[in-house]
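We call the chains A, B, C, D and E, going by the order they appear; numbering starts again at 1 in every chain.
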Amino acid sequence: MSGHQYLSEEGFRVDGRRAQEMRKLDCSLGVFAQADGSAYVKEGNTVVLAAVYGPHEVRGGRVKALHDRAVVNCQFSAATFSTAERKRRPRGDTKSVEMTLHLQQTFETAILTKLYPRCQIDIFVEVLQADGSILSVAINAATMALVDAGIGLRDYVCACSAGVFNDAALLDLNNLEESQKGTGLTVAILPKTERIVLVDMSSKIHSDHVSKTIEAAIEGCKDIHATFDAKIKERVGRLAALINTEN
Amino acid sequence: MANLAVSDSEKTFIIHGVEDNLRCDGRGCLDYRHIELELGAAPNCSGSSHVRIANTDVLVGIKAEIAAPDHAAPDRGRIEFFVDLTANADPEFEGTGGDELGQQIAGALAEAYVSKRFLDLSSLCIVKNQQVWVLFVDILILELGGSLYDAVSIAVKAALYDLRIPKLTVSIGEDGKPEIEVSDDPHTQEPLAIANVPCFVTLSKIGSQFVVDVSQEEAECSTVNMCCAIAPNGRMATTMKTGVGSLHPDSLIEALQLAQEIGVALHKALHKQFVKAQELSGRTNGFLL
Amino acid sequence: MAEELRILQSQAELAEGRFQRKDGRAFDSHRAIEISKGSIGTADGSSLVRLGDTCVVCGLRGEIAEIQLGESGVPSANIGVEVKLPFKNIGYSNPSEEEQALSQTLQNILMSAEAFQPSPISDRFFWVLHVTITCLAYDGNLTGASLAAISGALSSLKLPGAHHDLELDILQVDDNYQNVKCTQPIGVGFGIINDELVVDMSNEETLLSNGESMVVIDEDDSVVHLHKGGGTSVDPKQLQSMIQDAKKHSQELRKYLK
Amino acid sequence: MSGEMCVPGKRICALAEDKFISGPGTYSQQGYIYASLTGVLQITKQDDGKKSLVEIRRPMGRLAVPTPGSVVTCKVTSINQRYAKVSILCIEETELKEPFRGVIRREDVRAFEKDKVEMVKSFHPGDVVLAKTLTMGDAMSYILTTAENELGVVIALSSAGVPMVPISWTEMQCPKTLEKEFRKVAKVVPTVKEL
Amino acid sequence: MNLGSDRKTRVAASVPYQRFMVRPREPEKEFCKRKDGRRDEELRPRIFESGLVSDASGSGYVEQGSTKVVAAVFGPREVTRRKEFSLKAQLRCVFTFEPFATPGGRQENISLLEQRYSSWLEESLKPVVQLRRYPKASIDIRVTCLENDGGVLAAALTACGIALATSGIETFDLVIGVNLRAHGDRVLMDPSHAEEDAAPSREGTYGNVTLGFMPVLCQITGLLQTGDSEPATLCQQISSLIKIAHGVKPLMEECLIDLGKLQEKLSEVQM
């Protein structure tokens, strides 16, 4: 398939979206009781579950502990049935290791690690269904789980993927669009300051289009931020109401 | 979490409660917790289910693939289990930490499903000696709240209930080799006969009583469990003793009989839930949202 | 740990120029060897060897491999050896360096002795022999004991007939088990302690001599492996007497094997 | 009954507090004393003449793990300013097949002037030390003490490689070079057997 | 065939010859007589030995028919794995098949079975050992099957029992492993490998039952049933297995007492 088929002349994408349209975003917080924080994020057909444990004592020997800040420990793992082809193992392959690294770097900047010296914060991300934009959904889910756990963050970290087809920037790529060579990138920003914490582009985009694509992705991130912010405010409001009735 | 600190006095409290047939959550010794069940939880699988028993949360996805059969059984399909204990359930499981327990559960499941009396896989044969359906049953454990074997086996049975395999037509091609055609029509998909599929019923001994569906806290109080795979007709596919304790033969007999009774009742209740869940399948967002 | 102290003591005695073997043997005397052959039914050939306190089980399995077309250079080996040392460390781990080294040595010896010479099945298929050595108890001269065990197992080796139907290109194996042509290498271990040539050393003696020499003799009295590693240096005369001694012993052991 | 060979699980006798006491190698459960080892049964009258101690003696010696209060023989593997690492070779009379790890902390070297202890003047790597188990320690090492007269270095080699002779409770001397070295020396009490 | 050769050892990649054997598929007939002419409840001759592995604290060797299993106990020794402090000893058990031990040549997925057997043995041995007497220590048991002709798990447990009893580690009781094969109305004690693997009977109960039993305390330490059964039948089978275990006990005691006497003599000589 060549590029133009991803965006029809009428301006529709394969799944019927417009170029700048995001997929339906759903999320819920505190889905598990045992974890200190957890979130379930569904973006189109990509479903990610994130759990946060901590801050707690550093596991596996105190050698790893840092005296002035927290250790952020991440794990990215995808269910063996999450993809169309069955995966042989859920984690440990190069892609998961790379994802783990991205998550770790992103959240080491986003979490106020100085608040938790000599501690460890675990972020475990589990992909239940993969339909493109896995990294951005994983980052979004992890952010929500961190908020749910009440861990100090500089700001939300919102991520969105974008790509270029026929000079037009598409937002929030699905699996089909992602599998097209030389298209996509993922951007994560801190929405308040609009500073970029992560750009991951492992494909080829013409240099003229790069900044345009990034800008489009940033717009997408802001959209996501608005949704999340509303969600969290609603949840906090509900919790506050509960506390009031208890008193 | 797998490692839970339960103090001695808490243990005593639980044991005394069990003796009076009253457990911390108000159940009797032989009552299950509420089982939440959802079919079709992973739409990109041939069959899937999501089961939640209090804190125990299990997601199962079955993918059917075509492959060569086993040497030993050329005219039967295969079923393979993989249990992934995610770090979401317990940070201990990070990396390869959960593999040992996962393999143990997968092994027990394989043992329970091995006989064709309980699950007849001959309907999964496409071309004898050459190609059969292989069912990859992938089990994801998202949260641990005790009674893992039971929850996993219920989820697997539910996923098998939800399983639809595309109908295939086999014709002999020009070169004399069979050719397989997959029908595109989703309505020609076939379900699998699961009427006799067993489920695990685990009875844990707390004090002198047997207790079913233990929570994590209760599991800390028991040293020995009888884990029986009971089919809907009351037959047993496999039985094993787990845990670090030992049992007197008399209490073993008691446990086996209890397991049979509970198992039969469980299957009846499950069947009703399956039918109900199927009606709702795909129409709800799932109970995580 | 007490072993550590005992060796210290022996070393002290050695420093004073006194050395005697703990079990009272003469320097050139071997420990009694006990071989039982063919006791494991599932293996194609097997034996159990007790040499003093060293105890070794050897099992053989025949397998079939295909000659690779277009493969240049060295032909692949038809004998594989796997050694398992006294199981101390528990857990699933890869073979230790020691195990790998001994496996390699034994494989080299067996290959150079051409120990396994079955008739080829066809132009395409040939037999491969897998040797597994499990050491149950270790008290010195493991190589010697392993070779004795392999020899014992080889003499009991029986493989079925295999036929390759060229027309239909079908490989078939019947159940007509027959003995296979094998040669049996016998190894003798030496050490030098206090300038004396000591044969068939126990573990303690091996530690004292810090170095073991190995002479392996073929069925037609040719030396197929000679190794002198570490320890005190030897003069050629001693080497000569080693070979003589090894020949004598291998003949005795061969009689016993039959 | 004494002298009989027992296997684990053998019911030896009824447990009567005033007559029989369950000793080493046995355990009591539900009113009976059972053997827990393979070995020879020994019933010895206690000093008070009433009670008898029931025990199983194993000809090959007992297996042991360090328990608080047991005297162990160990070898120093490394030292630093705060503690000495040792490997425990013997527990009481029992030779171990494999060593256990232990540490002697600076404050446990001697009973007085604890703050003036210098580790280098107490132990050297390679010394054989008699020590007492203080606590089970953490997951790795046992914590040992030498803060008694009878505890401390018993065998130490001088730089010439010769065992040194104690000359005071803080010093040892090499008989060859007459060089003196500092140690926390144990006062070895000769046992009856050696006399 | 998967071809090539191992790069390190240059051994040609090969497959067991058993793959190429033409075996006429036997019609599934009811077997009425056991191949070795035994009666249904008759056991195969068994040999118990101890002290084979000299480096270990204790070791046991069991021959049950031609099934051969060696077990060796190490410790109590230091825990090598970093684990939390525990007042009880950790018991670990590792079971392995020798590559030549299984009938029909090397098997591909044997490690899964090995792990299953390892954990079953571990759970069946934990009730036997007085773990509280060895705080912070670890007790390691290595079990190796030299030949599999049925009843490996039972033989392995018995071998572990002998190894523990000779090791000087304090236990509550002896432990004995026994097994049977159910086939319709028939119960075959101590089945051979062929009997264990036989096709299921057309109807009624079938399957293998392995039991670990402490004879004096009358406690079941391990149970594994597979196939198709029902509680009442299984209970009957268990009680007949218990009888068999009581029958095996004197043989085990004899083996242990012999070793004990030998050790006693040895220690007298050393004095």
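Observations, loosely collected:
We adopt the following convention: a contact is a pair of C-beta atoms (placed from the backbone, for glycine too) under 8 Å apart; a residue touches a chain by one contact, two chains touch by 3 or more.
Per UniProt, the chains are A = Putative exosome complex component RRP41; B = Ribosomal RNA-processing protein 42; C = Ribosomal RNA-processing protein 43; D = Exosome complex component CSL4; E = Exosome complex component MTR3.
As the structure is a prediction and not an experimental result, all values here were calculated from the model.
Common neighbours of chain A and chain D under the contact definition above are absent.
The chains other than chain B, kept where they are, group by touching as follows: A | C, D, E. Chains that touch both chain B and chain D are the following: E.
Centrality annotation: E (chain centre taken as mean Cα position, compared with the mean over all protein Cα atoms).
Computed from the mean C-alpha positions, the centre of chain A lies at a distance of 32 Å from the centre of chain B. Centroids built from CA atoms put chain D at 43 Å from chain C. Computed from the mean C-alpha positions, the centre of chain A lies at a distance of 51 Å from the centre of chain E. If each chain is reduced to the centroid of its CA atoms, chain A and chain C end up 60 Å from each other.
Those residues of chain E in touch with two or more other chains are numbered 55, 74, 82, 214, 217. Interface of chain E with chain D (complex): residues 55, 57, 74-79, 82-85, 89, 130, 134-137, 164-174, 214-217, 252-253, 256-257, 259-261, 263-264, 266-267. Touching chain E in their complex are the following residues of chain C: 39-44, 46, 53, 55, 57, 59-66, 68, 74, 76-82, 86-92, 103-104, 107, 126-128, 130, 132, 134, 136-139, 159-160, 162, 171-175. In the complex of the two chains, the chain B residues touching chain E come out as 71, 100, 103-104, 107, 111, 114-115, 117-118, 224, 226, 234-249, 252-253, 256-257, 259-260. The part of chain B that touches chain A in the complex is made up of residues 1, 42-45, 48, 55, 57, 59, 61-63, 65, 82, 84, 86-91, 94-96, 136, 138, 140, 142-145, 285, 288-289.
In the complex of the two chains, the chain E residues touching chain B come out as 19, 112, 115-116, 119-120, 123-124, 126-128, 200, 214, 217-231, 234-235, 238-239, 242.
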